Every structure is written in C-alpha cells, then in structure tokens.
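In the two complexes below, subunit A is the common chain; its partner is subunit B in one and subunit C in the other.
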Partner chain A sequence: MEAIDIALGLFDLLLVFLLLWLAWLVMSSEDLFKAIVLFVAFGLLMALVWVRLEAPDIALAEAAIGAGLTGALLMAALDRLNAVKPMPAAAVVTSAKREQPSLPSKVLPLVALVLIVLGLGYALLSLPDVADGLVPNVKEQMAQSGVKNPVTAVLLNFRGYDTLLEMVVLLLALLSVWSLGGVRKLSPRNTNPVLASLCRVLVPVLILVSCYLLWVGADAPGGAFQAGSVLGAAGVLLLLSGWHVEQKILLWPLRFILVLGSGVFIIIAAVLFFTQGGLLTYPVAQAGWLILLLESAATLSIGATLAALFFGGIPKSRVDQ
Partner chain B sequence: MQLLYITLALFLLVNLAAGMWRVLRGPGVADRMLAAQLFGTTAVAILLLLAEAAGSNALRDAALVFALLAAVTAVAFVKRAWSMQEERDVD
Partner chain C sequence: MGGLLSDAHWGVLLILLPLFGGLCSFLWPGAVKFIGLATVSAVALSVVGLGDQLLTTGVYHHAVGGWGAPLGIDLYADGLSLFMLMVNALVGLGVSIYALDYFDQGEARRFWPLWLLLLGGLNALFLSADIFNLYVTLEIVGLAGVGLASLSRSGAALDGAMRYLMATLLGSLCYLLGVALLYHSAGTVDIPLLAERLESTPPVWAALGLICAGLALKTALFPLHFWLPKAHASASAPVSALLSALVVKASFYILLRLWLEIFSVRTEGVDDLLGALGMAAIIWGSLQALQQTRLKLMIAYSTVSQMGYLFLVFPLAAAGAFSAWSAVAYLILSHALAKSSMFLVAGNLMHFGGHDRIADLDRAVQRLPITVGAFALAGVSIMGLPPSGGFIGKWLLLNEALNQGRWDLVIVMMIGGVLAAAYIFKVLGFAFTQAPVTHEPKGVPAIMEWSALLLAVAAIVLGFLASPLMLILGIGETVQLMGAGQ
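Let's look at the complex of A and B:
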C-alpha cells in the first residue's frame, strides 16, 4: 500500500511541477505558435490534474475543450493575425522591446498582482479544514432531480438558470465575433485524399461519441457541454476539409440552431414559471425527459456555435459582397 | 496490480516531461506540433492506466475524447498554420 502512495505522490509532484512550468512558458513565450502548442500541452496536463482531484466531469470537459478545440481555435486566430499583419514575428518583438514602459505601467500590474495573491491567499486560508459544502443538500434532493449524475442534477435542475445564462454567454461570444465582420471566402475545396478519408471515418465517430456523451450525462460524467464540444470538433473538421455549405443553410437554418439551446431553455423556463410557479422548477415525474430535451437542444447549439467561432466571422453570401 | 498501473503512469509522465525538450527546442513548427501530438497520445495512455487503477469508466470516456480531438488539432495545424509558418521559416 505504501509503495502506491509514494508512486502517486511522485506522480502528483511531477504533474504540479510540469503544470506550473508550462504556465510560465506559455506566458513568456515570444513565438505565438510555440505558445499555442504549449497551451495545448497545458490543457492535457490540466485534465490529468482534474482526474487526480477526482473530478472526472471537469476532466472530460477539459479534454474536449481545453486540449481539443482550443488548439484549433487559437491556430485559426493566429492564421488570421498573420493575414492582417504580415510582419515577421522577430521584428514585432524587437520593436516592442525598444519602447521602454513608463513607471506607472510597470508598477500598477505588480500592485494588482500582489492584491490578487493576497486576496486568494486569504480566501484559501480562511476555508475550513474539512467541509461538506453542498454535498448533503444535493444528495438529499437527488431523488427529485430526474437524473442519477449529481453534476447534471446541479447544472440542469437545481441551478438550471446558471446553464441558461451560460448558453446566452456563448451566443454573445459568437455575436461579438460576427460583429467584427464577415469572412471573405469559405476554405477551398479539399483535394487531399488522406484528409477526405480521415473525415469519412472520423466525423461519424465524433457524432456518435457526442450522442453517447449526451445520453450518458444522466447517469455518469458527460452532458451537453462535453457532447457539444465534440460535435463542434466534427464541424471544425468538416470546415477544414473544405466542406461546401449551401448559402441558404448559412442564413436562417444556421441561426435557428445557434439560438435553439437558449430558446428552448427560455420557453421551458417561462412555461414552468406560469404552471409551476418558479423558473425551471420541473415537476418530478417529467424532470428526466425535460432535462434530456434541454441538453439535446444545448448540444446542437454549442456544437454549431463552436464551429461558427472557428469559421471566424459572419458567413457572407456572395450576393452581399 | 494497482502499483504497476500507477508506476507505468508515472513513467509515462516522465516521458512527457522529456518531450517538453522537443517543444522548447523546435526548431521547426512541425517538431513542436508532433511533440504536442505525442503528449496527447501519452495522456491517453496515462488516462487509461488511471482508469484501470481507479476502476472508473468516466476516465475511459475522457481518453476517448482526447484521442478523437487530437486528430482535429493536427488537421487544423496542417491546414491553417503549416503553410503560413513554412513561408516564414524560409524568409
């Protein structure tokens, strides 16, 4: 038994050391591409940290978003940055170095950092050594939640309005990207046979895994956000392979799917408000399928939103230009 | 048996730390990207070992998601960053 503890202790120590080292490297890297690769590695280790903290739900979300989609999104952003500013990275760095920052701009961030560290330290030290938190409350109410996974019960039932607001946040994020302007062209049609056959195998598997994660969320770690990001990854892969989307689908059908998650949430919340007397207070008998309905709509919206974010701008029809 | 799983996971994590050298040294973008892909594969293996040690199915799901999405990152790299960075390296 002792040998296991030593091995686990060494594993945790190495993990923490690597994580802090990577965090520093990401922040200090002058080469943006290197920073992206390091950030993807950071996401991988972060997922392992969540596993060690016995939070498999967050590990799954981190695996889907942190290590998977973020890398693709950041690389698309870097690509567009290079298109806007075709200056070599080295020249940008040296010109930035020449400008000496003024004293307040050096001191103010330091003061802010010290205050944050002090605040966080105080919050950490003032925590009780052992606390049950809300675990007993959640356990007590689980029978009424309609699902068997406590995380899903909290996210979609006990604090359903949090998830509702998160759906709106995602929509706002996409709207702010769209407000920056349109995308000139869709990626050119793919002529690479390797990529084409990869898509034929991988996209159906991604969609299947997405459905699985959505379904399993009722009993085990999984749910709309994980399922949605896997679905979004399928969309990203299709966009990268030059998937041709009909212009008329890009207009209203796409927008309908984008607002579906928030829309269904708000409609159900309003109906329940008038029939049950509270926002998102599901009747116990119907809670299970209402949660599944909400999560299905949310999965579609999250997937479409992430793929649209990767696209990087409002898809413009050729007529508009 | 649990000890074996944990020791192997520790060994893989040491491997991952060694792979950091390639990410930092480069010299090309492809070297860095391939090191990151190797990290992904290593993380899948570590997750599977931890899943066996803890008897947790959720960790197998996480490993599955990692394995699937690593391919998407690789394709994004080849399609979007590769051509751009190649030009820059030649300059």
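Let's look at the complex of A and C:
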C-alpha cells in the first residue's frame, strides 16, 4: 500500500514538472507549429492531472476540448496566417533583434510576476486543507435531481441557469467570429484518399461515442459538453476530408442547429417558469427526461458550433453577402 | 392591475426576453430590426414593471430552480440593481432607435443578435446574487462586446477589438480565480452567505486583490485603461455608445456590489488605492481628451476620465455608504445617457462629413443644428453644469467628500470639471468655424439626429428628478443590502 502511495506521489511530481516544462516550451517556441503541437501535449497531460484530482468529467472535457478541438482551431488559425502573410524565418529573427527590450522592461515584469506567484502561493497554502464546499448539499438533494451523476445534477439542475447562460456564451463566440467576416473560400482541395477512408470509419464511431457520452452522463462521467465536443470533432474530420455542405443547409438549417441548445433551454425555462412558478424549476418526476432533452439539444448545438468555429467565417450564403 | 403587476416576475422576463429575442433575430435575419426594437421595448416595459413591483413590495428575490442558496442560484433586485436596469433600458432604447437607420442591411444582421444577447447578459448581471453566475454573465457581456467592437470590420476596429478581447479575458480570468479562492474559503458563491462567512484570511485578501484587479481592468481604471480608447473609438457609433455607456459600467457594478456586500469592512488601504487611481484617471483622461484631434478618441478618453469619478466611491464608502454610492449611481446613469449621446453625435458627424477631425468640423452647427445641440447638452452633463444629471451626481459626491473632509477628492473633482469644460468647448468652438477643406456632405437621417438629442435631453432632465430617483435607489437600503431581504 505504501509503495503505491510513494509511486503515485512521484508520478504527481513528475506530472507537475512536465506541465511547467511544457508550458515554458509552448511560450518560448519561435515556431508556431511546434508551439501548437506542444500545447496539445500540454492539454493531454492536463487531462491526466484532472484524473489524478479525481475529476473524470473535467478530464474528459479537457482531453476533448483542451487538447483536441483547441489544437484543431489553432492549426486552422495558423493555416490562415500562413496563407495571408508567409513570413520567412529570417524576417522573424531580424525583427526580434531590432526590438531588443531594455533591461528594466525585462526585469520589472519578472519581479512583478514573482511577487504575484509568491503572494498567490502563500494564499493557496493557507487555504483550509479539506473543504467540502457544497458537496454535502449536493448529496442531500441528489434524489430530487432526476440524474445519478452529481456533476450532471449540478450543471443541468442545481445550477442549470449557469449552463443556460454558458450556451449563450458559446453561441456568442461563434457570432463574434462571424462578425469578423473572413469568409473562407471553399476551394476544392486535393482530398487525401487515406483521410477520406479513415473518415468513413471514424465519423460513425465518433457519432456513436458522442451518443454514448450523452446517455451515460446521467449516471457516470460524460454529458452534453463532452458529447458535443466529440460530435464537433467528427464535424472537423468531415470538413478536413473535403466534405461539401449544400448551400441550402448553410442558410437557416445550420442556424437552427446552432441556436437549438440555448433555444430549447430558454423555452423550457420559460415553460417551467409559467407552469411551476420558478425559473428552471423541474417537477421531480419529469426532471430526468427534461435534462436528457436539454442535453441532447445542447450536444447538437455544441458540436455544430465547434465545427463552425473550425470552419471560420460566415458560410457563404445569399443572406450575408 | 397593481396586484397583477407586482406579482409578476419581471426580473425573470428581463433575462429571458432579450436572450430569446437575440436567438430569434439570428434565426430570421430578414426581420432583425422589427425583432430588435420589439424586444428592447418589451425590456423597457419590464423594467417599469419591476420598478413598480419593487416600490410596492420591496426587494425582489427569486430562487432559480427552486433550490435556493447555497446549492442553487438566487436572483436579487434592489434599488441599485433596478437603477442599473434602467440605465440598460434607457440607453438601449435610444441606441436601438438610432441603429435602425445607421447600419446597412448586412451590418444590421450582425448587430442585432449581438446587441440583444449583450442586453440579456447585462440584465442577468444586474439581477444576480451569485459570484460565479456573475462570472458567466461577465463572459456574455465581454464576448458580445468584442463581437460588436469588430462589427465594422475596418482594420482599426479589428485591432481595437483584439486588444479589448485580450484585456477582457485577462480580467475575467483574474475574477474567476478570485471566485475560486472565495468558494474554497467559505464553501459558497452566494453573496449574502459570503458576507456572513468570510473572515480576514490570506486567501480572502488574495481574492480581493484578484477581483479588484480583474474588474478594474475590465472597467478601464487608470492605468489599466490602455485598451479602451482604441476599442471604443474605432467601433461603429452605436457600438461605441453601448460599450462606453453600458459595458464598462457592468464590471464597475460588480466591484461596487461586492465592495458594499462583502469587502467593505476588510479593506484598509485598498479603498484609498482605488480612490487614488480614480483621481489619477480623472486628471489623465481629461488631459488626454484635451489633446486629441479626433472627436471619437476625445470622447473615449473622456470616458476614462469619467470612470475615474466612479472610483471615488471606495474611499468614501466606509464612512457614508448610501450617500456615496447613490451619488455614484446617479453619475453612472447621467454619464451613460450623455456619453451614448456624444458617440451618436460623432456617428452623425462622421456620416455627414466622412471624418471626425475636430479641427475640420466646418460650421457643423449650421448644417446639423440638432446634432450639435445634442453634443452641447450632453457636454453640459459631462462637465457637471446645472441643471443636469451630471451636476446632481457630482454635487452629491462633492458634498460627501466635503462632509468627510476629503479635500484631495474635492480638488481633483473641481479640476476634472474645468478640464472637461475645456475639451467640450474646444469641439463646440470648431463646430462654429469654417474649415478650409471642402468635402461632399451627406445628409443625416432625422432618426439619427433626434435619437442623439433625446438621450442628451434625458441626461439634462435627470437634473430635475433627484428626489424620485433617490427614492428608487433607497429600495432595500441597509448596511448589508442582500442579506436584509432574506
């Protein structure tokens, strides 16, 4: 037993140092491509940290979004940067040499950072060791929540209002990207046959995994955010393999799916408000299927939003010309 | 009728209506103007309903999901929340009417969903009694603000929006870290419960520092204002008006609320630091405004300076909480109305002459008398001349500073007023003179002129409404605002 504890302790220590080292490498890397790859590695290690902290829900989300989709988004951004301004390596070096910062402007932020880190470290160390927080309250009310996974109960029931607003945040992220314009030209790319056949196998599997994560979220780690990000990954794969979306779908069917998550949330909130007298007050008997309904809509929206974010600007349509 | 009005949950409607309207306007781009105007009008009516309810039955509480704090999230509205919601509704209506004619078809389709969701986020923010929920609303407000700032797609606008995105994300993260520390220290994120449970420990101090720094960055308190002038000056006119009038006030409101509820008794030194930065902001912002050659940049720096006045509440709050923060709330409302009017005026002048160079305004007073009149009236309120909302707010704040013997604050407020007069008269002076350049002037739609004037007139009329507005602000007023209603 003791040997296992020591081994786990060493493993944790190794994780911490690896994380710090990777973070440093990401920031100090001159090559953006390398930095993104390192960032993905950082996300995967971070997911491991969440596993060690016994937070499997966050680990799943971190692996899917932090390591997976964020990496894909960063790569898409890099791809466009290169397309807009192919910057030769020599130019980067000379501009770096020209703007050699003076000593005080190097030292001052460092001193400030060290002071902040020391102050925060002291504050963290003086936190109470064991803090239950709201865990006892959640346990007490689990029977009334309609689900068996406490994380889902908090996200969709006890603090469902936060999740409603989070769905709006997600939609706003996409609206803000669309606000930037930058319609991507859907030039017929040379689709790789290997990628295409991989896609044919992987996409159905990803959709299945997404459905599983959604369903299992009621009792075990999983739920709309994880399921949605897996669905989003399927969308990214399809886009990469040159999947052509019909113009008709890009008009309002796409918009409909994008607002489905927040829309269903708001409508259910309003209906419950007028029938039950409270915002998002589920009747105990109906809580289970209402949560499943909300999560299904949210999964579709999250998946569509993430894939649309990867796609970039507003899809070309007559409406937005 | 009265019973029906006071029983309805106007607070919940104020959140759901604009969010739903935002989604609808995204789904039906062809009807954005109709959906948008209908939603904003319904929100304004709901604010009236909520006001009626609060005046008859006192503070409003709603336990979302029926759980109640600490497990669930509570909505809460008292005089201060109602006041902020009024700011939203008044400025929102004025800017929405202006936007009807300002944007072309394509821009309107992107503007309305973002603006309605922003309005929903702002309303939710002012109604929340939960510091984590406040974080989520801050995210809505911040992201919608960035989307709006980049709406015109010009290079300057994208640059400004990018700076704004970085600043607002950093501010949110600092705030979130502070929330995590508070949650771990007290086991709750509900504001009244936090007020009961928090003790003066290192984590609470760290949280105070993080939350103050994060929110000061989002509120553009000197010297963290570096992002504001560019972001606010390069956006489209209605967007500049919304950002300067509403968005920067939201993060200030959270800071004020947390200060009054949680931090007020545990802050030796921090209050004076915030006050000193506020004083520096008044002077620095005014001096910068005076030097600008572009009208929109001048107005943006004026915002930096006027936000400085708000931070004077912190050194004054310990000895005279209500009289200090009610004065600041008055200033928020009058600044929001006057500043939104000024940005709309700048939009009109740019539409008319194609530029916003102050020196080349070229007898604008003869060509756009209503617009220049709106600028002058808004200027009266910004300078703090009687009779105007700005005058009442500054007068109340000055009185409180005198009562507490804070001569440093008094002197800075005086200097700020003189400097404000200088930069506003500079613009008005050029509006009367003839510029050497010739350009093709374009007509300005009447709606755009009148909505700017209406907002400016509202800022002046505020000067005559001190007693009813103080009555509203006093709803639920005790030392611990939120705890009192439970």
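The working rule: the second predicted complex is superposed on the first by the 279 of 321 C-alpha atoms of A that agree within 3 Å, B and C clash if a C-alpha of one lies under 4 Å from a C-alpha of the other, contacts with A are read in each partner's own complex, and residues count from 1 in each chain.
Going forward, a contact is a pair of C-beta atoms (placed from the backbone, for glycine too) under 8 Å apart; a residue touches a chain by one contact, two chains touch by 3 or more.
Because the structure is a prediction, the values reported are computed rather than measured.
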| item | value |
| --- | --- |
| First, second, both or neither for A:F158, with subunit B first and subunit C second | second |
| Subunit B versus subunit C as contact partner of A:L60, first or second or both or neither | first |
| Partner chain in contact with A:L124 - subunit B first, subunit C second, else both or neither | second |
| Which superposed partner A:F256 touches (first subunit B, second subunit C, both, neither) | second |
| First, second, both or neither for A:A3, with subunit B first and subunit C second | first |
| Partner chain in contact with A:A47 - subunit B first, subunit C second, else both or neither | first |
| First, second, both or neither for A:G71, with subunit B first and subunit C second | first |
| Residues of subunit A that lie at the interface with subunit B and also at the interface with subunit C | none |
| Residues of subunit A touching subunit B in the complex | 3-4, 7-8, 10-11, 14-15, 18, 21-22, 25, 33-34, 37-38, 40-41, 44-45, 47-48, 51, 56-57, 59-60, 63-64, 67-69, 71-72, 75-76, 78-79, 82, 88-89, 187, 195, 198, 202, 205-206, 209, 213, 216, 220-222, 226, 230, 233, 236-237, 240-241 |
| Residue numbers on subunit B that touch subunit A, as the complex places them | 2-3, 6-7, 9-10, 13-14, 16-17, 20, 23-24, 26, 29, 32-33, 35-36, 39-40, 43, 46-47, 50, 56-59, 61-66, 68-73, 75-77, 79-81, 84-85, 88, 91 |
| Residues of subunit A touching subunit C in the complex | 119-120, 122-124, 126-128, 131-134, 137-138, 141, 157-162, 165-166, 168-169, 171-173, 175-176, 178-181, 252, 255-256, 258-259, 262-263, 266-267, 269-270, 273, 276, 278-282, 319-321 |
| Subunit A contact footprint on subunit C (complex, rising order) | 9, 12, 15-16, 19-20, 22-23, 26-27, 29, 62-67, 70-73, 75, 106, 109-110, 113-114, 117, 120-121, 124, 132-133, 136-137, 139-140, 143-144, 146-148, 150-151, 153, 158, 181, 183-185, 187-188, 201-203, 205-207, 209 |
